[in-house]
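Below are two complexes that have subunit A in common, paired first with subunit B and then with subunit C.
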Partner chain A sequence: MRKQPAFWRTLRFLFLGFFVLISIGPLLWIVMSSFKTNREILSSAFAPPTSFSFSGYEAALDLAPIFQFYGNSVIISVLSTLLNVIVVSMAAYVLARHKFRGSNFITLLLSVSLLIPTAALLMPIYKIMMTIGLFDTRTGLILVYAALGLPTSLFIFKSHFQSIPKELEDAAYIDGAGFFRTFFVVVFPLARSGLATGAILQFLTSWNEFMFALILTKSTKVRTLPLALNYFTSQFSFNYTAMFAALTMVILPSIIIYVLLQEQITTSMVEGSVKG
Partner chain B sequence: MKVKKWKLAVFLLPCLLLFALIYLIPLCMVFGSSFFEWRSGGVFRFVGLGNYMQAFLHDTRMHAAIVNTIIWVLLQSIVHVGIGTVIAFMLSRKLRGWKVLRTIYMIPNVISAAALGVIFLNVFNPKYGLINSAISQITGSAFEKNWFFEQSSAFMTVTWSWLLYTGMIIILVLAGILAIPGDLVEAARIDGASEMEINFKVRLPLIRTILGTSVILAATSMLREFELIYLTTNGGPGETTLNLPLYLYKTSMTDNNYGYANMMGVVLILAGILTVYAINRLFRMNEADY
Partner chain C sequence: MKKLLAMALAGVLMLGALSGCGGQSGSADSPSSGGNSGTKVVEVDFPTHWVGVSVNAPWFQERLAAFNEQYGDQIKINVEEIAGDQNYVDKMKVLYSSNSLPDAINTGGYNLIDSMKDQLVVLNDYIDDDFQKVGTDIAWEVNSRDGQIYGIPYTRQVIGYFYNKDLFAQAGIDKPAETWDEFFAQCDKLLAAGITPLSMDTADSGWVTSLMLGAMVGQTDSGEAFMNQNLPTDYNFPEFVDAVANIQKMFQKYTTSDAVGGAYENAASNFFMEETAIIANGPWMVSDFYDETLVEPGFADRVGTAMFPGGVMYNSGKIGFNIASKDPETLEATLTFVKFLSNEESQQRMLEITGDIPSMEGITSSEVKPLINEVIANGDAAAHCINDFQSLWYANVVDEISIQYPLLAQGKITPEQFAKALSDVAAKN
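After this line comes the complex of A and B, so read on.
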C-alpha cells in the first residue's frame, strides 16, 4: 500500500483519536470518580482521587440491593435465552426442512415481527401480562424477552439448518432414530455455531433491555440491572460517589465480557443484522 | 423421509404460541383499539378516526414528537452511518491497532443504553460534569450551562448521546469491506487507480447492500429510542426532545389514555414499514451485483 502524505495521516489520527476520546473518556472518568469523595468530585472533575477509598461502593450497596438486581438479570437473561433457542430452533428446523401447505405463510407471518418497533406494542403487552397474572414476575419478562429475539433467531437458525447436509439426517432415520431424536441428537449439535450466534444476541438483548422491564415490574425482587440505574438517579441525588460506584458496577461486567468474547460477539452481530 | 403432521405441529406450536402472545394479539389490540376512546375506569367507545384526527390536526405535542422523530431518523441515517462508514474505511487499511480501535468504538454500544443515559447525565452535569469542567479549565472562568435542561441545548445534547457512537455501523461496514474479493481491488490498482478512487468506485459500490442494512438499522433504531431520552430529559424542556415512543409511553402509563396510545402505535408501525421499504428501494437491496 502506498504511503499517504503526512497531512492526511495527521488528520486521520485526530479524527480517530476524537472518537476514541468520546467513546471511553466518559467511562474512565466514571470509574475514576467512583473512588473520590463527594467533595473531591465537586471541587475538580479531572483531579485523580487523593486516596483510593471504596466507601462509595459500600454506600451504593447499602442504598440499593445491587446484588439482587444482578441475580435477577442473570436468571432472566439465561432463561429467556434458553427458551428462545429451544422454541425458535424447533420451529426454524421445521420451516427449513419440511415444506407443507402454509409453511411459507408461517415464515412470512413470523418475520413480520422484525418490522415492528416494539414500543408500539407496549400498552397491549402490559394489559396482557396484567390479565394472565404475570405482571411483576420474572416469568413475564422471560416470555417477553424470548419473543423480542424471535425474528433474528429464526433467520439465523433457519439458514444454519439449511446448510446441514440432508444425508446426515437420512442416515439417522435409517438407523432407526425418530423425528425428535434426530433433531435433538443429530441436528442440534451440528448447528451449534448458529445456535451460539443466536444465543449471544438474545442474551445481550435481554441483559440490556430497559423499557419492558420498566413497565412490567414494580418490586425490587424482580427488577433487573438496567432499572437499578433508574432507581439510583433519584436515590443518590446527593451522594455522587455512590452513584459513580453503582454505575461502575453496572458497566464493568458488560465491558469485560465483551472484550473477552469480542470475536464471537462481533461475528454474531454482523450475521444477526445481515440475516435479520 | 415423510414425517407425521402432528410431529411437525408439536415443533411449531411453542413458537407460534409465543408469537401470538407477544406480537399477534397485541398487534390486533393496537389496530383495533386505535379507533376507540379507551381510558382506565371502563371508558370504551367507538370514535372512528377520532384519535387520528385529534393527533394530526390539533395535538401540538404529537406534532413535536413526529417532527423530532423524523429529524432523528434522518440524522441517524445520514450522519451516523456516514461517520461509521468513514471510520470503517480508515480501519480497513489494517494499520497497527485497528482491532483495538474497533473494540473501543463498540464499547458504548455494548453497555446498556440505560447506563449510557445516566453516564451522559453526569458528563453534562452543570456543576461537576466533564464538559463544563473542561470549558471552565480552558477559559479560566466558571461555566455552568445546564446542557440537558436548557431549551437551547437540550435537543443537541440528547442527539449527541447516540449520533457519534457508531460502533455497530463500523463493525458491519468493516466486515463488508474485508469480504470484498482481493482480485477486484488488485485489478483496479493495476489499472492505475489511486487508493481514493478504489474506495469510491470499487469498494463503496460493492458494499451497497451492507450500507442499506446499516441505514435500516440506524433509522429504525430511532423509531425505538426510549431509554436515552427517558433517563435524561424525559422529553423536555416542554416537548423539545419528545419522540413517538416516549409520548406513547406517557400517554398509556401516565395518562391511562389507551386508545390514543395505540393510535400512536399504529403510526409507529406504519412508519417502520414505510422506512424499511423506502431504504430497500433506495439501496436496491434485492438486486445482486455479481
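After this line comes the complex of A and C, so read on.
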C-alpha cells in the first residue's frame, strides 16, 4: 500500500482531532466541572479543579432522586421503543405492501399527526389519561411516547419495506409460509437497518421528552430524567457543581454501555443490509 | 425459529413489564381513607417548586414536618415536586384547562389569580379578623380582586439593589445615587475605572433588568400609580418610554456581554465574581453572599444595599397561596394547611431561613443577617413604594418582555416600539 504524503496525514489527523475534540470536549468539560466548586466554575470555566471533591455528587444525590428517575427513564424508553417498533412496523408493512380501499387515507391520517404541535396535545392527552386511570403511571407514559413516535416510525419503516424485493415474500409464500411467518421471518430481518433507525429515533424521543413527563405524572416514583435536571436551577438559585455531577451520572452509564456494545450495534445494523 | 421464539419472549416480557408499570404511586386520586383508629384522614394535593436548590426548600421541609406532627392524623398532604418555577406555572395552566387545579397552589409570585380566578375559592368567609393579621392591608390587596380574596399572603416584596462597596470605592463613589442622573454618572465613573457597572438579563422575563425598568417608571407619582396598577394594558406613556430608553442605554453601554440572552444566574454570577458593581434583587439573595462555594470569603462584607434613585423601593404585597379545593371537607383541610404555612411562626422561620420578608408587620429575629435588616429599613424609608411586574402584569406581557429585550438591546426596535409591543400583547387578554 502506498504511503500517504506527510501533509495529507497531518491534515487527516487534524481533521479527526477536531471532531474528537468537539465530540468528547463537552463531555470531558462536564465531568471536570463536576469536581469544581461553583465559584471555580463561575470564575474560570475551562481551568481544571484545584482539588477533586465529590461534594457535587453528594449534593446531586441529596437534591434529586436521580437513580429512581434514571431507572424510570430506562424502563419507559425501552418499552415504548419496543411497542412502537412492533406495532408500527406491522402497520407500515401492510400499508407498504397491500393496496386496499382507504389505505392512502389511513397513511395520511397516521402521518398527519406529525403536524400537530405538542402543546395542543397536552390537555386532551391529560384528560384521556385521567379518564382511563393511567395518569401518574409508567404505562401511561409508555403508551403516549410510543404514539408520539408513530408518524416518524411509520415513514421510515414503510419506505424500508417498500425497498425490499417482493419476490422474496412470494418465494416464502410458495414455500408454504403464512402471512405472519413471512412478515416476522423474512421481511422483519431484512428491514433491520430501517427498524434500527426508527428505534433509535423513538428511544431518543422517549429519553429526552420533558413536557408529557411533567404533565402526566405527579409522583417521583414514576418520573423521568429530564425532570431531574431542573432540581439544580431555580429562578433565584443554582448549584452548577451538583448539576454537572448529575449530568455525569446520567451520561456516563450510556457512554459505557455504548462503548461495550458498539460492535454488536454496528454489526446488527450492517447485517440487515446484506442478509437474505 | 429461534428468532421467532426470542421475539415471542420479548413480547411476553414487555406485556409483563407493562402490567407491572401500572402501579400508581399514591392514593391521591382515591377517596380519602380512614386511619387505624377510624378517624378520617383528608388528603390535600399541593404541588410545589420548593424543591432542589430552591431557597425555600429547607423552610418548606421544616414546616411540612411540623404540620405533619400536629395534623398528621387528620390531614395528609400529597406533595408533588415540580422542579423549576416556570414548569410549575406551565403545569398549572394545563390543569386549569382541564378544570383539575390542585387544592393548594403557590407560584412564588406569578400572578395566576386573574387568569384562573373562576376556579379559585373566594376566601373572604374563611378569613377572620385574627388571621387577617398575617398580612398588611397591601398584602391582602394584592391577593384580592374587587373585594374578593383569592390568595393568602405569607411574604412581601421588598426589593432595592445591592452594590459592591469595594468597586464603588475604586471608582471614587462614596454612596449610592439619589437621582437617576447621578446613577448614570456613577455608571460612567465605574466604566472609567474599568468596571462593568450593571448585572442585567433578558431571559425568564429579564427579572433583574425589569426591576430597574420598574424603578425608573415608579420615580414619579403617576409612574408609581402605574407600577401599582393591576393588569395595565397601556404602556405607551412618556415615563415608561423614557425608562425603556434608559434600559436600552444600559444594555448597550453599562452591562456584560452575556446579559442579552442571559438569565438571572448569569447576572448573579457576574455580581458574585465581582465583575459587575450593581445588581437589583430581593433579600433572598443575601444568603448567597455568605456561600463560599459561590463567592470569595468576606464577600458579604463588601456588599451594600440601596434604594433605587428617587427614593423608589419595591415594597408591596406578593401573591400568596391560592386554593382550588372542590369539596367542603377538603377545603377545610386545605385552609388548615395554608393557614399553618402562613402563620406568624412560619413567617418568622421563613425570614430566618430564606431571608424573605414576612407579610405580617412586626416580625423580627436575632438570627437575621444584617443586610436583610438594611433592605427592610430601605423599604420603610422609601418615598415611592411600587409592586413588581410579575405580580401585576398579564402573564403574556411578562413572557413578551423576554422576546423584546434582546431586540431593544441590539437596537432593532425603539423604546416606543417596545412599549407598543407590550401594549399590543396586553390587549389580547
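Here is the rule we use: the second predicted complex is superposed on the first by the 191 of 276 C-alpha atoms of A that agree within 3 Å, B and C clash if a C-alpha of one lies under 4 Å from a C-alpha of the other, contacts with A are read in each partner's own complex, and residues count from 1 in each chain.
In the analysis below, a contact is a pair of C-beta atoms (placed from the backbone, for glycine too) under 8 Å apart; a residue touches a chain by one contact, two chains touch by 3 or more.
This structure is a prediction, so every number in the text was calculated from the model and none was measured.
Touch criterion not met for A:Thr197: it reaches neither subunit B nor subunit C.
When the two structures are aligned on the shared chain, A:Val112 is found in touch with subunit B, with no touch to subunit C. Of the two partner chains placed by the overlay, only subunit B lies in contact with A:Gly25; subunit C stays clear of it. When the two complexes are overlaid on their common chain A, residue A:Leu122 makes contact with subunit B and with subunit C alike.
After overlaying the two complexes on the shared chain, residue contacts for A:Phe100 are found with subunit B alone; subunit C is out of touch. Once chain A of one complex is fitted onto chain A of the other, the partner contacts of A:Thr152 are absent, as it touches neither subunit B nor subunit C. For subunit A, the partner that touches more of its residues is B, with subunit B and subunit C as the two candidates. Of the two partner chains placed around the shared chain by superposition, neither subunit B nor subunit C is touched by A:Ser206.
In the superposed model, A:Thr220 makes contact with subunit C only, not with subunit B. With both structures placed on the common chain, the touch criterion links A:Ile75 to subunit C but leaves subunit B unconnected.
Residues 42, 86, 122-123, 126-127, 211, 214-215, 227, 230, 232-233 of subunit A contact both subunit B in one complex and subunit C in the other. By the touch criterion stated above, subunit B contacts subunit A in their complex at residues 1, 3-5, 7-8, 11-12, 14-16, 18-19, 21-27, 29-30, 83, 86-87, 90, 93, 101-108, 110-115, 117-123, 127-130, 133-134, 137, 164-168, 171-172, 175, 195, 210, 213-214, 217, 220, 223-224, 226-227, 230-231, 244-245, 248-249, 252-253, 258, 261-262, 264-266, 268-269, 271-273, 276. Remark: subunit A residues 1-2, 4, 12, 15-16, 19-20, 22-27, 29-30, 41-42, 44-46, 86-88, 90-91, 93-95, 98, 100, 106, 109-110, 112-113, 115-128, 143-144, 146-148, 150, 154, 169-170, 173, 179-180, 183, 204, 207-208, 210-211, 214-215, 225-227, 229-230, 232-233, 240, 243-244, 247, 250-251, 254-255, 258-259, 262, 265-266, 269-270, 273-274 touch subunit B in the complex.
Residue ranges of subunit A in contact with subunit C, taken from their complex: 37-39, 42-43, 63-64, 75-76, 79, 82-83, 86, 122-123, 126-127, 130, 134-139, 142, 181, 184-185, 189, 211, 214-215, 218-222, 227-228, 230-239, 241-242. Subunit C makes touch with subunit A in their complex at residues 3-4, 7, 10-11, 14, 17-19, 21-26, 28-29, 47, 49, 51-55, 78, 80-87, 90-91, 94-95, 97-98, 100, 108, 204, 207, 264-265, 268-269, 272-273, 281-282, 284-285, 288, 291-296.
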